[in-house]
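Below are two complexes that have chain A in common, paired first with chain B and then with chain C.
And now, the complex of A and B:
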């Protein structure tokens, strides 16, 4: 009998849950968006796969934001938030540029800047966990400080003048072939694969999500809660720093003015990707798809002769609000509130408890 | 003193009455802020005599007012465990709408007041709907409306800017009605006093605190929690709209990124925190936020006078914010005073490991 129960529960678990449905909706949205833009607007498709003007090329306008989204995602998984990511990226770019202008080899400068940003993330994480402060406030303050540091360091003229090879490698270069793939897409793909594997295939990833799901339970389960949270901040800072390098290479100059937009768009992507803003839920592939949905929206609409304001501000904002409203309604209609999810996972009648009670529970196989 | 005080605090409820007047006063955020502000002002004036000139005092007070009014509204939202990032574009929309009308048809400032308030009320109400009925977390909901409202602000501007206001508006923005007391100060002070009284003396105000302290208990006590939460966002929006009118009168210009340009939403949150309001709701008040806005303005101006490059202003905000939340965290933890907290940190005593429930 218990075998029957097991099988049934396995079947039940393999059906699409809300996370799956959310991802499927995102994929549908992305496909619909691409179909519309590619067939509706000749300029969006450009010359097709083989030329540098295919829609993949638009990636250069948003992929660095996607990298930041991946970084801040780690922090959101743990139930914290990192508001300093945009400023971190700007600071990283300016730091690298100043090192380079100071005579350092640009690749050494890049690695050094990313490492230093990771240290800044470490400090933020330690301040948050040691003093038990709200991450929202500490990273808000950290963002202010980084912003000042970046603006003061760069002086009146933002640093520029990187070697062409650098601009091409991390910025506007492509891998030529039948399909021209922007180098930034490769960088992003590497980071995306790393993020997916780390979150969904490692012990650290499971701990990350558990810490966000229930800090106390994680602590009782022997997870080093503070260490896990700090690591998330380090990852966030590192990813932001990499994005900062791509921004500098792409525009040929380190920019501090993009920071607020980067932050807001990145958080939008994470939330649209289905990650629970309170932590403990969501899928990395969802975030990856969401960054493309958001990323192609603005250039697509602009090519469609939509007003600049509508394409860059009103449409993304409305998309975020509408998506979350719909998600909320759907979740509630199915009774899948956070509480319901928890009960389904750990409460009576759940797979876990059925497994535990399998020997003596007579009603387990009834459903 | 501290040891006996701390032990007494655990046993007796009336511990604050027995504390010396000075430490009692210093424990409250508002008097502390006034003292610190005056100290900064005194130091800066000593270094740079023209800092204390009449015109400059008046200018400092006036330029703090838009922030102060926004911060008062933000405080109401923070009291209900919320956060409103969209105040910046709400301020901007009110500023450019009233500014354009004034520029085109020379109306009086007071006649634009209903428009500014209505804009704020409408946009704030929408925020409230998203938070309450769509149940989107406040920071995300207002992040979304921040973007959308910012777009609306750009559409209203349509690449124009408010530059030539009627003389009556300019006069109101630059003149004093008493020495060192600019006209602009009046609405700020009135709003703060009114909101403080409303929050402390009315059923609505007490409901705000009750909801923020414990939403479940407030619901069980028969408070209409959804109406209270929506009203908090509406009031915040309304004050942001009012601040927009004050801003355009005081600054004399407005454009497509007014508000967002100086990240006034983050400054307002910082003011709320420096003024003693917490993000966890139910604790704090608007008077502290008002003084915090003046403190922030004076401190940042002082930084410039002290010869530090203006680029470090926002780092100043960040440091002040960190200091405020550190003090707050230690005052909250078992009611310890700052000196005790510092001693325990410097003495290397590690606090008992308890997982923050943020």
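And now, the complex of A and C:
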């Protein structure tokens, strides 16, 4: 390389990188899915755009899962995992319902429940970072505790009986017009915009992503690693709690039985959306698109008279596996192997091993 | 009966000392090898021949293709075109496994041992002798023959110790022992000495010389040109993926000739700067700093405005630990004064805010975000001050900030949007300097700033250190390369086993003096 070349460098316009290409593929997949259902199933579009049976109406069956996906996504971005999200949503709904039955205004109960869930998320995050425990295990335990607490609190009969206005506002209601837009879609859209901006356009989001890419390097660059991780757990719990409210409103009763499905589907959406399960890589819009790909898949297939198990379990599983395989191949071409990532995450000298204690040295902590 | 026979046979096979002699002396040729990675040529028609009984060294700047050459020859990367010829036989479709079958072994830059397994298991991995029962292992045969291999490489360790407990130097020796256990007589060393102290490197060189006497075929990569000239029988220089020069007689070759072949043009010889800074105010002061684990103790010194203060010491002497304690990555007792004011409750974020920065030693783990764009790597420590428009970050303004910093440190990249891993070591380090200059430091601690970078980047880094110290930044420079301390520093402190053992200023800073001080001897007492 000549001396002249050494002194110059160029910032070219950004080309499509792997994340961009992944998102484009997801959009293509979504369009293909909708086209297939459109031509394959006469009932999929219902009576057309204008009716309450339009495909947007299917949102009621999956948008709360999408909200949870957005929440757990924050945690996955930092390289941690939150397995308590489904139980958190269920617990939030039951808490809100019990407060309401106890005589509290339902909206105050809603806000209070979401706030308390945020505190639970904070506690989980603090336990994980302060005691340097694996998030997988702590949130697994947290999920069990929340589940038991929810079941114990609700007693033999799940709480029900919310005002109609509440069911409509967060549940099955919609905004009428040329196109009927479900209220839940509005709630989700607001959360989606917030999540996108927070991750990609705020200082906190930048630190979130850096922590996910390399915890050690982030600590040396002055990022408060533990604080960032804890905030992600708080966001995860908050988003799950909002989803819990939507579930309660949608079914007219707080349910504790949905939790495991919610968790697995949410994580599937995040990974299908292109977020690296080891942290760092990925884009929020990808996750948003992926939730719709996943969301419309089951109802569409069911309408297509596909067997129930196939539609709800095998098809999403196959989709995820196919996506991961393709992503693995792409990553390998880029010189990033799954094995290398696993070693970087869990192997000696990784952020979770004892060598990395310096990364959470005094002052980098959340306190 | 058969059990005993089997075991005896296994033991005999393992213990035999016929490693190299099992093969004919190996002449290994790589002919016009071309290899590209995603469009970028790593090797273009490069040829190397390694003769038995010689130590053949490949030198070149980072990204010149040295490592790729050895990796192709060891079957790790398949070549796009060209031939590999071992004693006249063409080797096709070489993989690491078949390479070992042909007696070719690459000791990688980072030892690739299984750290949770014992040294013994690592030694025999792939050829573990079977025991008397199905799926059992003949531990006795392994143990009885391991000693011979350890002895051949001069390794004195407990064979049952997990590899993670070995030092880097021992891990490298274990890699060599593994090569011998696998009957290899073509052994490649990919930059083995960069993480080693001078003494450990000498042990390794001694081993390489012994293997040469046994007619082994040895290739070696190093950035330390003094050692290259001392140990090599022949030197091949690569530049921009091509072989550009051969030196058949290293004893008659000068350091300067080698460097000019590597960079492709003449270089200016650097002169020591003569400055008197005794009157400048102290901006960083350490008083009785000590580590709770005893890694260092009673560390007291100060750094003046505009001064370049060297910290000389061996790896493990406590120099990095001291620096990290000042920066806030580790706890320590004692006092740190920053611009005269006590600085307690240290953390990296508050250090950066108050103008104290630290460039970590281990760039790969603690410095770069390999998969993140260069822009964001440069602004990583600048996140709290990133330009905003309204409540949101302003990406275009961020790129401008990063671009300006990158230009100051002469980062060469196809675009600042490529991931950091696409850059050579030298350019990654230039980007790291860009990151830390953005923080507008008053005190800058650079830990091994030129480790694993090419000659061009080294010159640039020295230039940056000159410039910022002239502008009043106090630079604390930690380095194992005593030459660069001699070139750059106004004053040098030597750390040995966690304590400061000497201090030299101005013309007292000589290689001999520093060399004696870092091993704890010959120091002038501090006043």
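By our rule, the second predicted complex is superposed on the first by the 319 of 367 C-alpha atoms of A that agree within 3 Å, B and C clash if a C-alpha of one lies under 4 Å from a C-alpha of the other, contacts with A are read in each partner's own complex, and residues count from 1 in each chain.
The definition used in the following text is that a contact is a pair of C-beta atoms (placed from the backbone, for glycine too) under 8 Å apart; a residue touches a chain by one contact, two chains touch by 3 or more.
Keep in mind it's a predicted model, so treat the numbers as computed, not measured.
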| item | value |
| --- | --- |
| First, second, both or neither for A:267, with chain B first and chain C second | first |
| Which of chain B and chain C A:324 touches, first, second, both or neither | first |
| Partner chain in contact with A:107 - chain B first, chain C second, else both or neither | neither |
| Which of chain B and chain C A:136 touches, first, second, both or neither | first |
| Contacts of A:216 with chain B and chain C, given as first, second, both or neither | both |
| Contact residues common to both interfaces of chain A (with chain B and with chain C) | 216, 219 |
| Chain C to chain A touching residues, read off their complex | 37-38, 115-116, 164, 240, 264-265, 324, 328-331, 345-353, 358, 360, 365-372, 376, 380-381, 383-384, 386, 391-393, 395, 399, 403, 406-407, 410-417, 421, 435, 456 |
| Parts of chain A lying in touch with chain C, wherever the complex brings them together | 1-3, 5-12, 14-15, 17, 197, 201-203, 206-207, 209-210, 213-214, 216-224, 280-281, 333, 335-336, 347-349, 358-359, 361-364 |
| Contact footprint of chain B on chain A as seen in their complex | 79-81, 127, 131-138, 140-145, 147-149, 151-152, 215-216, 219, 225, 260, 264, 267-268, 271, 277-278, 307, 309-310, 312-314, 316-318, 320-321, 324-325, 328-329, 332 |
| For the chain B and chain A complex, residues of the former touching the latter | 83, 130, 134-137, 139-141, 143-148, 150-152, 154-155, 260, 263, 266, 269-270, 273, 279, 309, 311-319, 321-322, 325-326, 329, 351, 355-358 |
